[in-house]
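Read from first to last, the chains carry the letters A, B, C and D; within each, the first residue is number 1.
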Amino acid sequence: MLSFECDYNTGAHPKLLEALARTNLDPQPGYGEDEYCLRAARKIREACRAPEAAVRFLVGGTQTNQVVIAALLRSYEGVLSAVTGHVNGHEAGAIEYSGHKVLTLPQHLGKIEAGELRAWLETYFADEACEHMVRPGMVYLSHPTEYGTLYTRAELEAIAAVCREYRLPLFLDGARLGYGLMSRAAELTLPDIAALCDVFYIGGTKCGALCGEAVVFPKGNAPEHFTSIIKQHGALLAKGRLLGVQFDALFTDGLYFEAAKNAIDKAERLKELFRDRGYAFFLDSPTNQQFVLVPDETVKKLEGKVRFSVWEKPDREHTVLRFCTSWATTDEDIDRLAELL
Amino acid sequence: MLSFECDYNTGAHPKLLEALARTNLDPQPGYGEDEYCLRAARKIREACRAPEAAVRFLVGGTQTNQVVIAALLRSYEGVLSAVTGHVNGHEAGAIEYSGHKVLTLPQHLGKIEAGELRAWLETYFADEACEHMVRPGMVYLSHPTEYGTLYTRAELEAIAAVCREYRLPLFLDGARLGYGLMSRAAELTLPDIAALCDVFYIGGTKCGALCGEAVVFPKGNAPEHFTSIIKQHGALLAKGRLLGVQFDALFTDGLYFEAAKNAIDKAERLKELFRDRGYAFFLDSPTNQQFVLVPDETVKKLEGKVRFSVWEKPDREHTVLRFCTSWATTDEDIDRLAELL
Amino acid sequence: MLSFECDYNTGAHPKLLEALARTNLDPQPGYGEDEYCLRAARKIREACRAPEAAVRFLVGGTQTNQVVIAALLRSYEGVLSAVTGHVNGHEAGAIEYSGHKVLTLPQHLGKIEAGELRAWLETYFADEACEHMVRPGMVYLSHPTEYGTLYTRAELEAIAAVCREYRLPLFLDGARLGYGLMSRAAELTLPDIAALCDVFYIGGTKCGALCGEAVVFPKGNAPEHFTSIIKQHGALLAKGRLLGVQFDALFTDGLYFEAAKNAIDKAERLKELFRDRGYAFFLDSPTNQQFVLVPDETVKKLEGKVRFSVWEKPDREHTVLRFCTSWATTDEDIDRLAELL
Amino acid sequence: MLSFECDYNTGAHPKLLEALARTNLDPQPGYGEDEYCLRAARKIREACRAPEAAVRFLVGGTQTNQVVIAALLRSYEGVLSAVTGHVNGHEAGAIEYSGHKVLTLPQHLGKIEAGELRAWLETYFADEACEHMVRPGMVYLSHPTEYGTLYTRAELEAIAAVCREYRLPLFLDGARLGYGLMSRAAELTLPDIAALCDVFYIGGTKCGALCGEAVVFPKGNAPEHFTSIIKQHGALLAKGRLLGVQFDALFTDGLYFEAAKNAIDKAERLKELFRDRGYAFFLDSPTNQQFVLVPDETVKKLEGKVRFSVWEKPDREHTVLRFCTSWATTDEDIDRLAELL
């Protein structure tokens, strides 16, 4: 069945499988100390133009958010996030399980805003009772956001400036970073992000890998004893090579960007296709997730023929459906969807 | 370089890579609800002769120990383990990070003993102040143990009987279960283990998979909302298929057992080779880990030619080296080691 | 200096000090098993008309909220609270430190509303992805609220009905319960609360004791091994008698109610005094906390002569000040405040 | 009934009750910012000859151990303690609840030994796999120990030297510190302890207060935002004055030492009394806890006439009973015990 349900519904880009097969019998040390991890780290440092960066590989998004946030916060600190941030709503309490509160900021199409961040911080520190409240310890944002939207360079610079002023590390969740970088509306490059953030990750799982997220501390500022922290969270892979080999392949000859670009190209075709047929969009997403307002009748017709995500129900007669593209989406998939509509 | 360093130094059994390649483009739902996970679960239920078993797939050993233990214990309970148990010494505090104490029992070549377990429990419950102490909430053991040793059927039955009497779930860590099942000294079968334990896992990472552990609740007794618990630990894989496809392959045509048998056969040859040359063994291991007492001079000669693990230093002139075999160890590897010695 | 800063600025009602002195040399077992705790529990059961109630004494409010919530929730559950609830904003993350998320509901003068609670739950359980979100495990409310407001009987009944329907325990934070019971607007009695809630506490610290909160499980439904849970939180007092003696005295001859009534009477005089002078109120509080809109000039004049809490700044020229009364407030205090105004 | 059960079976020294009554109506700010806390801190700094010390008051022993340990450790660190340490065995897992492992050292009459501590640390840091194990982050000891024994000056100096070498904070649990200071065998003074330890506490609960422990960071080295940490543990008392007033009284005119001296004098009489009657001691305790080997027949005769603690059962015919004295023990109590024997 035709599937636009999510960007993790197929396996890995074939070149990753080839790399896994090619390196399969080469004996390597465990726990991320293999040469593939080292090589992938090197390539990522280059791509980020961050020669001092520390790069570590983790398995999935929630795990990465949990490990990074727990590693950076002191026990009495919380993480500031848009109320729609993945860490706030869709991680089954993984952040709180680590003992930390998610402090919420308003969202604007999934994004936080520098002025509101500053206002929150001013109010907090002006409060005489602030010691009785959770102290803000870092800022979390995702790029692209939950809604597929992107920060402009000016927006991220403004947020980074507030973070520096308040000495709060800025953490960018890049579970779908590839799509953010290759969007036709993209302003921010990988070096930009490395320059502005204190830690971020380059998502593999949702951008063509079987699993894996590359965590980057651009100034070599990984927390002390980070390996122990990772292990303590059950997140240290014995065969770390599985992640190293994949990221090595993704950062060879621009594969990561090429794979993401395919998703963007297909998303643009998909957008056009819906636009041409008069569909309205729930919001304007420049990346691989498209949120379309679909009459309930049409939804029924599509069911059983194409897979999508039901996002929300804005009124009695319509549903917002999310259609995702990925490295694996083909022009033929889009054509078949066009026929169905 | 020749490598007997560990059983996770190569990739996956080629048939697993083939299965991943074959299924790669088939769109599937995420989070372990794909058909490969379902099929692998079905095959595992059959192999365990446990038709009601709930089977879930996690990524690695520490993660599995953390998730299962945290899921089964109430906040005020601890887990009983041999003092040498992996959860006590080698998981960077992953159990304590989840809020639970590891309560330690004496070890005998890595094994706990039913009589000592009973004595511990009797003493605990006889203590008037026991409410001020951590309440035992489950029993953990590994099979094979950290030392490669195995429980006999009688031993495991005796432990299981004490557990039932005290209503403590019995959890068997099977990170290396394949080697335990295929050992020439093996008494316990997979159905035995399913009958005696409340929860156990079938290790993939150390037995031929890229990653993955299959957690089995033989009586369908998975904790309520186990998916949320897994997610909360950052342990829910978006592309759960990665685990499903591998375990489906491992439990097709007995591949899991065949791969483990290779490791056992090679370990027996390796044992013979050392024995023939007059080496003493630190202990008698019937599985894929062999602990050999090696003169320090020989250790120096071997370094740079073959990889092994340094286990401990029993006296001034000898070192205990651990040599591991795996699905990937070949007769040629053993021959080359023979030449080096 | 005249002080209306809070309701915990003086020591204990003199009768409590007398009781402590009277019982001082009587040797008693520790950890709350003394006869004073037992007697206080008996009197509280009577006052609640809850003959099966389990009653336990803890030291302070945040501690009680943390212990009760952690004791009732499973690891993957969160607690529903008004966004203004004490557990959400003013406990330095004590709930999250225990691993649980505070799930927020809108507030109406500090209160939650049954319809909104039901709507939240319906939305949650209708969401296909709800396993990826924090599961609601109990409902928290305070009475009086952070704003001194009270639930009507109908309001609490409606909330309790939703809780029963969804099998969520209802927890009432009664840190200031005495004032809620003795308010002239009070509809809910102690037996009402015992009938409608699954657990609540009768605040001592803010109602005339040196310290202490009496936790009541009206149906004898205290969590198993609650003593261990209390101890694990560092909340088990060795000299539990300190709490028992005080609550025994508070529930002898209606002292708890009498002490609270004094605070209410003085608050009513204070309210009148401000009203007569044309001050507006930030909101209409029927209990011992009064929130008055004061011109900033007047605020300056009062400073150094009377202590109060600065609540918030609604506009450029006014400040909301909170004035609290307690068992210790005298008519003379009110007279002196009148003179200052 | 005659009671030697524990040192927290009566209320507070009468002078503390007087001080509470005398200061009762004086309005003071909450949360430990009252003038009594400030004054008590000043007096404690003087008694410790530690003019830069930060002094904070907490409620009880387990709470203090939990808060101090959690405040000093990073998430991946554990606390080293004698296997018999209170934090290891008798706090219902309060340390683990905070996420930290208790790493155990051998005990010698309840004490740890500098050489063994150093050996443990050397072994740990020599292990290539130490990142997979819990990193030692501080050293915990109690003085007096669980067995009433005392460290000599040389012993504590040696331990402190190892701690400095490995940059591990040294934490001394002084729940019964008064008895340690006033023991006839005492070598260590309060200034000695302040000079050698990084943090310690002066026990109030077991040394004459209703509740309360004074935590001392001798070099002013309290953790940043310690108030938030205390609050987060539910350990911040609203009426902090309760602790301040008591410690102010205890450190006025040497009352703390005087109260402890009474316990020591009575313990010496009690020891003599048993010795004269030919009883053997389980161990030689120089403080207020005496461990006497009593024939089971005698135990039966004593039951119902005098309260004591049953410590352990070394053989079939004897029981080790613990007899405790306190500030409240009188010569008459000892005489009556003599009669019973």
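Going forward, a residue touches a chain if its C-beta (ideal position, glycine included) is under 8 Å from a C-beta of that chain, and two chains touch if they have at least 3 such contacts.
Computed from a prediction, not measured in an experiment: that's the story for all the values here.
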Inset, instruction - Check the residue numbers that chain C and chain D use where they touch, and answer same if over half are used by both copies, otherwise different. - result: same
Inset, instruction - Quick one: point me to the chain whose Cα centre is farthest from that of chain A. - result: D
Inset, instruction - Averaging only over C-alpha atoms, locate the centres of chain B and chain C and give their separation in whole Å. - result: 50
Inset, instruction - Would you kindly tell me how far, in whole Å, the mean C-alpha position of chain B lies from that of chain A? - result: 33
Legend entry - Where chain D touches two or more other chains at once, by residue number: 75-76, 91-93, 97, 99, 131-132, 228-229, 231-232
Legend entry - chain C-facing residues of chain D, complex: 1, 3, 5-6, 8-12, 14, 17, 20-21, 23-30, 59-67, 91-94, 97, 205-206, 210-211, 228-229, 231-239, 241-242, 307, 328
Legend entry - Footprint of chain C on chain A - complex, ascending: 75-76, 78, 89-93, 96-102, 128-129, 131-134, 310
Inset, instruction - Can you check the complex and tell me which residues of chain B touch chain C? - result: 70-71, 74-76, 99, 131-132, 135, 224-225, 227-229, 231-232
